[in-house]
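What follows is a structure written as structure tokens; I'll ask about it next.
Which chain is which? They are A, B, C, D, E and F, in the order written, and residues in each are numbered from 1.
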Amino acid sequence: MQFAKEHINRLFQAAKAMFMDLGITKTGLLTLVHDTLDANDMNDEPHVHIRLVVSRGVKSTPYQNPNVNIGLPLIVIIPEIKAVSPSVKTRGLRLATTWVRRGPPDVKDEQWNHISKATDVQACISANVMHVDEALMLDLRGFVKTCNSVNFFIIRGDEVWAPTKDNQMQGITRQKTIDVCRANGIVVKELDFSLTEVYGADEAFCTGTFPSQIHVTEVDGRKIGDGNCGAITKKIQELYSEFVRKDVERSREEILADISAPRDLTHLGIYTTL
Amino acid sequence: MQFAKEHINRLFQAAKAMFMDLGITKTGLLTLVHDTLDANDMNDEPHVHIRLVVSRGVKSTPYQNPNVNIGLPLIVIIPEIKAVSPSVKTRGLRLATTWVRRGPPDVKDEQWNHISKATDVQACISANVMHVDEALMLDLRGFVKTCNSVNFFIIRGDEVWAPTKDNQMQGITRQKTIDVCRANGIVVKELDFSLTEVYGADEAFCTGTFPSQIHVTEVDGRKIGDGNCGAITKKIQELYSEFVRKDVERSREEILADISAPRDLTHLGIYTTL
Amino acid sequence: MQFAKEHINRLFQAAKAMFMDLGITKTGLLTLVHDTLDANDMNDEPHVHIRLVVSRGVKSTPYQNPNVNIGLPLIVIIPEIKAVSPSVKTRGLRLATTWVRRGPPDVKDEQWNHISKATDVQACISANVMHVDEALMLDLRGFVKTCNSVNFFIIRGDEVWAPTKDNQMQGITRQKTIDVCRANGIVVKELDFSLTEVYGADEAFCTGTFPSQIHVTEVDGRKIGDGNCGAITKKIQELYSEFVRKDVERSREEILADISAPRDLTHLGIYTTL
Amino acid sequence: MQFAKEHINRLFQAAKAMFMDLGITKTGLLTLVHDTLDANDMNDEPHVHIRLVVSRGVKSTPYQNPNVNIGLPLIVIIPEIKAVSPSVKTRGLRLATTWVRRGPPDVKDEQWNHISKATDVQACISANVMHVDEALMLDLRGFVKTCNSVNFFIIRGDEVWAPTKDNQMQGITRQKTIDVCRANGIVVKELDFSLTEVYGADEAFCTGTFPSQIHVTEVDGRKIGDGNCGAITKKIQELYSEFVRKDVERSREEILADISAPRDLTHLGIYTTL
Amino acid sequence: MQFAKEHINRLFQAAKAMFMDLGITKTGLLTLVHDTLDANDMNDEPHVHIRLVVSRGVKSTPYQNPNVNIGLPLIVIIPEIKAVSPSVKTRGLRLATTWVRRGPPDVKDEQWNHISKATDVQACISANVMHVDEALMLDLRGFVKTCNSVNFFIIRGDEVWAPTKDNQMQGITRQKTIDVCRANGIVVKELDFSLTEVYGADEAFCTGTFPSQIHVTEVDGRKIGDGNCGAITKKIQELYSEFVRKDVERSREEILADISAPRDLTHLGIYTTL
Amino acid sequence: MQFAKEHINRLFQAAKAMFMDLGITKTGLLTLVHDTLDANDMNDEPHVHIRLVVSRGVKSTPYQNPNVNIGLPLIVIIPEIKAVSPSVKTRGLRLATTWVRRGPPDVKDEQWNHISKATDVQACISANVMHVDEALMLDLRGFVKTCNSVNFFIIRGDEVWAPTKDNQMQGITRQKTIDVCRANGIVVKELDFSLTEVYGADEAFCTGTFPSQIHVTEVDGRKIGDGNCGAITKKIQELYSEFVRKDVERSREEILADISAPRDLTHLGIYTTL
């Protein structure tokens, strides 16, 4: 299963931020996912996409205070067989910048990873109205941040530029793409940049758990590069496929062991037994 | 039924903002509410509180784009028998200011009236951690805006001060309280004010559909006035009770007629037949 | 000539803000306009639209500092015969909200009334890309402000709502429209409002020197009202036409006398002889 | 003594905001002021200016937490004989806009009325560096707010414009000037305005407890009006002098009775006995 | 004496920002500190904590303008014998996030290092009201910045994260802690992060001149790590103690020579004789 | 010709942002510049400064929409013989901080590189009013950003600090100065810093295409360093002169080849034939 540890950790951190005790350990939760796959006989399916959603469960009255919840949280696991249509992979994405902005973390922290998606859905509606595939979103200071359901990158010369991590979905594919680039000698900078630098980029692409990396052909009516998938984007797609292949080859036991392992601080000269 | 027209209008405006066609007219929706009350034999109950929640309904796949919705929206009507315990009415509310801020309308417009309540819930959690009844929330410019689930007012001298309508829940009780005050010669100002002006207020109270007006006894450890329900707050409670009594006495037919009536512009010398 | 005094005063105030001595009096400048109309034999033309643009004139070297200017400012007066096509008046305007924002007055004050129109042009380009007539622009706090080349109003119930004067072009037609409404018993509020309140408005219209008031039929794919010109908008158009007719009937002498008259403060009990 | 009630109330509200128990009643504090004047034989002096400063008093260690304070607050009363030199009254004030901004109330609320004057002093230094009398300060949104030690007004046509009360010193002379104008039929608007509207104003003046109203002759090198004290400013100075004369004629007993009186709500039909 | 050079330099830079001529050289000031220790016979005391506060001195009238100061600045040197109680060191700190924000440098630059502590004191009061040891403060964009009297760090995995230097007290212990970590192979990143990343951190600690590093056990009711002092925090405490030990072993002559030495730019190939 | 490729690329990126088709290739445009120099017999002049300005050309009516443009853009090439007077180089620049702020890229992106210079000109006017050479400008968060017509750097210890690239003119000399420093072992950090860190800097300098680097002697009345050109600034001037000398020695053919060359990605293991 792809990057199980990172997804589980992100879920637990978000639950803690929402003051929500999941009532289960990380390994317990992952075991539930495994059980679900088994129960649906989906272990050998090549294109299973899992959605794991947690809510506070039953309330004594429909009111926002978690104090009126009774009993345990509700855990929903949805495994779907899903594949990006090859035509989308080939034609790439057309984007347009929306008026909807990504807000600050003292209003709604993207790291809460919450299903309160009104902002994203409004941006998505905006994309529909503008007849493009995804809406490109700026932050409150006017810098480029993310698309409504996928993360965003540009390539200028031989450098990959990513908006800083804040105020956008903490995409695991986003982080892994950065890691893979750096491990292979491709420079990635996380910085503020403007739409002008997007229009003038040589390449651009989006990342998501499901589609990995898809190239962007057009933003606000300006063609990106020559309008096709660029050379560095292609290279990253290849490197990433290989990287994922290795990750998913791991056995369930390896993954479970990974999740329950303590921090290794021996390289700092610290022997810790948490 | 209390202020049915205002609640229905607010719902339809919010649905339009979310590009959501409810597939039903305003009178149709209100009739559904009436039917629900009939079906539950709740017409003569004195303390029925209705929650009316609308979602886009079934999706072909769990993805944020409204384009993947299939079929009609889902309409949920929850009638509850609910009364504020007299002791809460008597003891009033203790508030503390939270670090969570109300955001701007290009991020998440409170007028979407959406159930994406992550911001409000985080503020509510903050209130729980601080051991108070509700969290008082500031806007991004540092002015006092609202509580996490009720609207907020202060009284200084003989003037009622309300935060401006923006960036807070468009409370119908909030608006009706303002209307009732003005109709009875009590000055209400909608303006920006700071916590210092709250601490130094003579009285403070909160409004919600359910509790009408409840006085505030304490904010951030500072007692408001003498810590009891103030003279003007009591007066407003009396005026408001009478006002509601008249509204709920109206027959179902009167309410339905009110909802479907066109704008009356004859006082502007305009004869319109929309 | 329509609202000559207001246009001349706006120009002189802006010139003062840019530390620019026009080297001519207000009456002198208006006389130049009259001379231009005479020279072009345009006095009896019903649809003359005048553009009056002032620059600092010749520079000793192409550098931004006004200190390198030599000689007097350059005054350009362009009289054009121009009429809004009746079809535009009939079909109204389609708007979409752009990502381009109106900035604050410590960055670029709209009251400088400057021809530095990069912001407006970028918004206009955005409108072109979205295939609408004008771009609707928000301010940095996310509230609705203006269109890229015309001012914006909505009507909710029997009230006209206008964004506050700041951070938008100081349209003289905008101000005169407000004045005409108030003089005729139509309530106009200048306040912050959000897109949701635009989508849910009964009517909307734009104002400009040239088109006076044109109704808005659609914003971001949401139809406004029933998509036609509303009853109050029509009323305002009629009242405004009559108002303009009276203004343009004034003789050149009356207008010149008006421009050079001192403030009349006698109603305050002040007898001033500036 | 001039506006004793307002000064005392402002002090008590600020102390509450700083969670500081002054350990004395309002009438007690005013009596101390009277005693100080008596002890210094200053009762018949025409130009006594009183500074009343309160601190938390002695600390067990120099640390910011009020918990380490021991004993009662320290009350300092400084009566000074002080008069604005007639030449300043005659020549008026020259201002220049500083880079220092007024901050928001969740950072430092001007209503804390605190002697933490680093912001004001930095602006004052800026004025010294620019060789003007006072620095004009903008707020974080770029609108005109206040001078570094006095409040600021402009007059356009026959209207007085004042920046909104927020983010500036809650000057009692500022408020009383507004009250006096309104009581005498002079329109005062509290609103956001920009420097361009200052440069283009007919008149401008500053207010402070000590200098009452002084006209402004120049802002950022632009002459205001004709550079002299304007007709409306003069009128306000006259009206205000008369208003103050009546206030200071009150006996000590009248003032003390005024300070300890409860709110009068009889005009609202409320008979309160707090 | 610990980090004398850095403290003296910080003081002189701040005085320059406040346009304040201290009337003494850096070595002169340090000599005064030495003299004070000698006069109090405190040289061999192991726990002396020195506060060095400078004010403009005597004024001819209580007014904010430095121009009314007469004579030299006042220099106050307070040596105290002070030790963190071992129990605090053992139990660590409990924090809660306050509504009070750190402001921007054009309002009040934390680098002025000024005793205008109203913001900090208000945050401290907020901590008292919430019954925690220190208040955690966000900046105006909603990111975690500092505590009210100590600086703040978190540890995620094997990385130390510190808020960027801006808008917080320029803690010398903060900087030295970063230096010590980097010199010992511990990665320190200075970046924007949110409360969610604090709640999900493995460890957190605060720094101050006096307590060096103290671990944080709880933030907003969420336990940090397992609620005890973490392995990397302990390691940093050890490394830092050793680092300080070496610094304080230096003779007075070495410290004085260090303070008066010019910049050494020989490694850039520049031979400078300032 | 100095840094022709970078200037041409910046122009084309800006034109794309303004949705402007220049109707000419990069090499075509550079050839026009060469032709202009030839036509003016300026090839052997040592101090030729070229201004290359592009506008949309003729419009059918004076209106902001690019759709009313007819025909090709207008290209203006102004070669001037121009030299910084040696006295300016010797005496350095005096700066003062202006109230005018650099805005965000969703209002006016500095990368549009547009001649809409109202903001810069207002800052320049502010500098004139304050009797200094250039105005120092902050961004909306209060950090130091740029001067009105040149970029700004400070040197603290042995580090060069530059404001981050955003919200300021994308100076090519600015970038080349950074490149030259880094290539020669001088550390350059791009970060947010405040005026206090400017006042306390050891050195400061400005960069522009024309003057290269000029030292700053004074900011807001505070002397920088000892008021002369500092040792590192001098070193950078020498390194930069040598760097420019090599660049301008290149033949026209080399420069043209450089402009039309594709990205070289062979070091990434990518063989691209765009």
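Quick note on the criterion: a contact is a pair of C-beta atoms (placed from the backbone, for glycine too) under 8 Å apart; a residue touches a chain by one contact, two chains touch by 3 or more.
In this text the structure is predicted, and so the values were computed from the model without any measurement.
Asks: Which neighbours does chain B have in common with chain D?
Replies: Chains touching both chain B and chain D: C, E.
Asks: Shared numbers divided by all numbers used: is that above or below half for chain B and chain C, i.e. same or different?
Replies: Answer different: the two copies use largely distinct residue numbers here.
Asks: Could you put a whole-Å number on the gap between the CA centroids of chain A and chain F?
Replies: 38
Asks: Centroid from C-alpha atoms only, then distance chain B to chain F, rounded to Å. What do you get?
Replies: 54
Asks: Mind checking the centre-to-centre distance between chain A and chain C? Centres are C-alpha means, answer in whole Å.
Replies: 46
Asks: By residue number and range, which residues of chain C touch two or more other chains?
Replies: If we look for residues of chain C contacting two or more partner chains, we find 17, 19, 99, 101, 104, 106-107, 112, 129, 138, 140, 142, 195, 221.
Asks: Can you give me every chain pair that touches, using the contact definition above?
Replies: Chains touch in the following pairs: A-B, A-C, A-E, A-F, B-C, B-D, B-E, C-D, C-F, D-E, D-F, E-F.
Asks: For chain E, which residues count as touching chain B in their complex?
Replies: Residue positions touching the partner: 96-99, 101, 126, 129-130, 138, 140, 142, 195, 220-221.
Asks: Can you check the complex and tell me which residues of chain B touch chain C?
Replies: It comes out as residues 12-14, 16-17, 19, 104-107, 109, 111-112, 140, 164, 166, 263, 265, 267-270, 272, 274.
Asks: In the complex of these two chains, what residues of chain D are touching chain E?
Replies: 17-19, 51, 61-67, 78, 80, 82, 99-104, 106-108, 112, 114, 116-122, 124-125, 128-129, 140, 148-149
Asks: Tell me, which parts of chain D touch chain C in their complex?
Replies: Touch list, chain D to chain C: 138, 141-143, 157-158, 185-186, 191-197, 199-200, 202, 221-222, 226, 231-232, 235.
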